[in-house]
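There are structures below to look over.
Presented sequentially are two complexes of chain A, the first with chain B as partner and the second with chain C.
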Partner chain A sequence: MSDHAIETRALSKRFGSKLALNHLDLQVPRGGIHAIVGANGAGKSTLFRILLGFLAPTAGDTCILGRDSQRLTPEDRGRIGFVNEEHTLPGWMTVQAITAAQRRLYRRWSQPLFDEVLGHYHILPEQQIGELSRGERAGFNLALALAQGPELLVLDEPTLGLDVVAKRAFLEALMYSNTSDDCTVIYCSHQMDEIERVADNLIILEQGQLRNMSPPEEFCARVSHWVADIPFKGPDPRTVPGLLQLQRLDGLHHFLVLDQDEGFADFLRASGARSINSMPVGLDRAVNGFLAQNHAAPAAA
Partner chain B sequence: MYDLFKAELKRFCLWAGAYAFVQLLVLLFLTRVVDLAQQPWEVYLVIASVHALAGLLLGLYQFGGYRRPNAWLNLLHRPLAHWRIALALHGAGALLLLVAVLAPLLLTAAWQETMTARVLDHRHLLLCLAAWSISLIAYLSGSCAMLLPRRVAAAPLVFLALLPGAYATGVGALALQLLVLGWLLALMIVAFKPDIGSPPRGTAGLLLALPMQLTMWLLLVLAGFGVELLWIAQGSHPNNLAQAPVGSAKEADMADGDDLIIAGLASSKLADAPLWREQAAISDIATFGLAITETPIWNELTNRAPMEFDDEERRIRWVFSHDRGRFVGYRLTDRKAVAELGVDGDGRFASPPLPGPRRMLIGRDTLYEYDSQSQRVLPRLRLPAGEVIAGLEFFGERLAVLGDRALYVYDARALTLDTSLLATRQRLPLPAAAGNLQRVDVMELLDGHLVSFTMTRMRHNGEGPSFQQLVRIDEQGRITDVARRELATGYGPAWIWQTWYLSPVIHAVLPAARALFSPYQPGHTRSPPPRPPMVPAIAGALLLLSLLAALLHVRRTALSLPERLAWSLACAVVGLPALMALRLIVPPRETLPPLATAQNSPA
Partner chain C sequence: MARNQALMIEIATGDPRPISKQIVDGVRMKIATGELQRGMQLPSVRGLAMQLTINPNTVAKAYAELAAEGWLESRQGLGLFVAPPRQRLSRAERDKRFDEAVNRFVHDVIALDVGSDEVLARLDLELQACAPKKTA
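Now for the complex of A and B:
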């Protein structure tokens, strides 16, 4: 058995002239909740589609739970749960009909777990899927996926479009189910507060490449926010080491930098800073700064 | 699997029920005003088209919904083999069509059988089955179109386009539909896979490659048809000129009988020719043609024409029953069954007869006459064994019967004198296949007849010649060639043989497939003229170009060596349609730029 839930080697995928995945090498260990973040178009959904065998790679190899992604058997698929942002379920079916069908389909079906997760929502068995709100559908979808007893659960932006109440219910259902005890969860989201709450590991993809893989707090520790009072123009941004973001607010220079220690204060002093303050940043700010660095922007910006 | 089947049934059950209800209402209304079992072929074509459209829309809609990336992933990502999911969904679709299409037809048939005196044969039940089968073919075509990549989605639809042109009938038609269903089912199974964006490869790819090549050929032919429409609109098309050119096939097709015979005699060297020209100007010329291109066949699903006639004197409608082999009569006044009518009493007909003029009933090789007074049907003439009646015409005191190999002339007066079989007075072999016969013009001479055969049918596509043949036959049956003139078609060889040189192989295979499970029919026979040397030269050049282009293309694809060889061979043999199919089915392989280094290295 492979030690990795997900493994890609030099994985590339090209759509026309656009390279969605660019020689991606990724090894996700088994167990825990792994958050995958990245800007739109970073290749997250393409990666999932290739991992589940729904898209052929242009080059490279992919394994999921130790099996070649392009040759997954029905048994392999029974070990992998998947929840997408659309919560695609047959709208003409009732909750109990779908539940009964899933129960018959998955040998490791856990009814207590299903009931527990669904307990976070006011869903009646005789309700049609088409009558459920988006949040209820998300919760029902999560309950179905968790009760299947998957070894790997892929959640692709599951809270997209949910209001704060529904989002909270979804996260609580996920966290209180203790799923990650015996299941690897891949959680893809743009919501950093969610990731901060649930993720053990933070994977950042950018332009189809792996840019970071570490616990979220480690990543936050790498990013620091410096405020310096520098008269006149300040240093040329191209000379600022590890610069992610530079702003000038109320006469003060705000530097968001990566992998800088106290030596950065010396750099600022050498650049004419009269006073310097350093402060930690939250995950949201850190990831935003990190991703904004190479994000597309108008030429005049 | 069963859960998916049930879920899909539930998804469309209301629609299927509504369709069935509306269809039943329409059918019941129609049965009040016409006998649905005795309609001409065109009526059944319309009904079949409606059911085909319903099946097609169901397939497109059902799988159009699943085709969205997330829906597709949600459907297939489960511990169930893909083919089982496919069969569950399509099984539900087939059952829904059974309810929507077949059930109302069978109910209507049952009503007709039990509540009316009208004829209902087993073939009508097979016809209902064929309607379901056609809707299934359309349904699978629609689902395959959705399951295949967009650029090749038209391939499965080619079956729907070509099927109405097939000659098969009766159980043969069902067998042909079953073959198509089997093909589409296999194509659907191999297309039903997670990576929906790539077409089936390897051996399974053949299931797509063959219909795709047919589709491309059909597109090329349609492009030619489009050019022809422009030609017609432009006003110089040879068949649409204000006045047909002198000496053209079009002029011969449209001419009065006397003008045609006079024009044909112009080149005759016979001494009597000037006299005949004068006579033609004042004589009555009998003009007729191939009236029966397809004769009725036992247990055929549809009628070429209504198989019934009315005895106005006795107010009885006689309807032919394939099961009984006789006509079944019911009174027009109260719709009550009265009697059966067989050959010379209750004898079974040798072949289903088609009602003709003057109470004649036209069998495959025998002409029968119905006598209202005695209510008897008697055979009045019989063609030699193996020959088929393709038309008849009364002129003067003569009866001309057009067979598929010869024209026969009888003395029509004998029909009123006794009830025995008529003796053949004259037999005149056709100068080419009956399927190419446009018209026959007969002028009575003092001693025999002058007959003009205009062989111009199918001249536009290289399947027929274009000439007029004048022949004289005397009372003793001696035949003299009088004149032959070639008739200009107005098309050049490059136009006439365009469907051939686009792909000689498809041009040969398609007619064979069209005639599969089909009986011999006079209208299907052809005497194609020889092809001018430039036509094979064009075909050879196109095949060579296709091969070279294929060799260049396959080098840029991810195909294996055997696949490359197979495609190259296909292009060398099939030509342009195969090359077009290759480029659509197998795009160039995706390539990668050199590894781009990240500005910031990963942590």
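Now for the complex of A and C:
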């Protein structure tokens, strides 16, 4: 049995002239909650679709729970739960019909867990999927996925559009339900406050490549914010080591930099800085600055 | 005997301090001020995680750090308790952290252009407020 919940080797996927995944090497260990973040179009959903065997890669290999993604048997699929952002289920089916079908399908089905998770929503068994709100569908999908007792749970922006109570219920079900103890969770989100609370591991994808894999707080520690009073123009941004973001506010230069130690103060001093201050940043700022570096932006005015 | 004690701490997301560090700081403060006393039991990992809506592993990490520093002790099968006071860090480690803390403080305060008398008086006041409350 492979030690990794998912593993990709030199995985590429091309859509026309656009490379959605670019020689991606990713190894996610079993256990824990892993958050994947990336700008829109970083390749997260494409990665999920290839991992689950819905899409064939252009090149490279992927394994999920030690099995080749492109050759998953129904039994393999039974070990994987998937909730996607669209919460797609047939709109004409009723809640109880889908629940009954799932219960028959999965040997490890846990009715108490299903009832517990669904209990947070006012969903009636006879309701059709098409009548449910987005948040209700999200809750229903999560209840289905958790109740099947998966070894691996893949969640693509599961809390998008949920109200605050539903979101909290969702996170509680994810973190504290008994079956989640030996389940690996791969979880894609843009909400940093949520990731800070939930994730053991932070995976950052950018332009189809892996850019970070570490606990969130270790990633935060890589990014620092420096403010310097530099008369005149300041250093050429291209010469600033580890530069993520540069702003000039009220005559002060603000630098958001990656992997810089106290040596950065020497650089600023050599650039003519009179006063220099530095401070750590929170996760939201760190990830934001990191992704903004190569984010698409309109051509500078 | 020791009963499970409520741990009234709050954490904030978006803070530069990681959540586990916020818990460590919060518990140390409670012990230093005497709000948590020797022998009191802390919430379970799962209990505190649910109280704060965070990952249980984060709580476990904070507790492990507190135990390693000697603030908490675990009793087999019973849980975690506030440890008896003792020199919790080695002399060298204590000096190093003290230096760091003073440096940080001086850096922050020097920019404020407050007189040193005022700084010392205020510091004295704050430290007195943190001293363990004497109970009869």
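Simple rule for what comes next: the second predicted complex is superposed on the first by the 289 of 301 C-alpha atoms of A that agree within 3 Å, B and C clash if a C-alpha of one lies under 4 Å from a C-alpha of the other, contacts with A are read in each partner's own complex, and residues count from 1 in each chain.
Note that in this section contacts are C-beta pairs under 8 Å (C-beta built on N, C-alpha and C of every residue); 3 or more make two chains touch, one makes a residue touch a chain.
Given the structure is predicted, the values throughout are model-derived calculations rather than measurements.
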| query | With both structures lined up on chain A, is it a clash or a fit for chain B and chain C? | reply | fit
| message | Let me test your reading of the model: by the given contact rule, A:A59 touches which partner, first (chain B), second (chain C), both or neither? | response | first
| request: Going by the touch definition up top, name the partner, chain B or chain C, that contacts more of chain A. | output: B
| task | Return first, second, both or neither, reflecting whether A:S12 touches chain B, chain C, both chains, or no partner chain. | result | first
| message | Is A:M279 touching anything from chain B or chain C once the two structures are fitted on A? First, second, both or neither. | response | second
| query | Which angle, as a multiple of 10 degrees, do chain B and chain C span at the CA centre of chain A? | reply | 160
| message | Quick one: is A:V198 in contact with chain B, with chain C, with both, or with neither? Answer first, second, both or neither. | response | second
| task | Check the residue A:W109 against both partner chains and state whether it touches chain B (first), chain C (second), both, or neither. | result | neither
| query | Which holds for A:M175: it touches chain B only (first), chain C only (second), both, or neither? | reply | second
| request: Report the closest approach of chain B and chain C over their C-alpha atoms in the superposed model, as a whole number of Å. | output: 19
| field | Complex interface listing, chain A residues touching chain B | value | 12-14, 19, 22-23, 49, 52-56, 58-59, 74-75, 77-78, 80, 82, 84-86, 88-90, 92-93, 97, 100-101, 104-106, 206, 209-214, 219, 222, 258, 293-294
| How about chain C: which of its residues touch chain A in the complex? | 13-21, 46, 49-50, 52-57, 111
| note | The residues of chain B that touch chain A in their complex are 3-4, 7, 10-11, 68-74, 76-81, 194-198, 590-593, 595-596, 598-600, 602-603
| said: Help me check something: in the complex, which residues belonging to chain A touch chain C? | reply: 32-33, 168, 171-172, 175-176, 192-193, 196-200, 216-217, 220, 277, 279-284
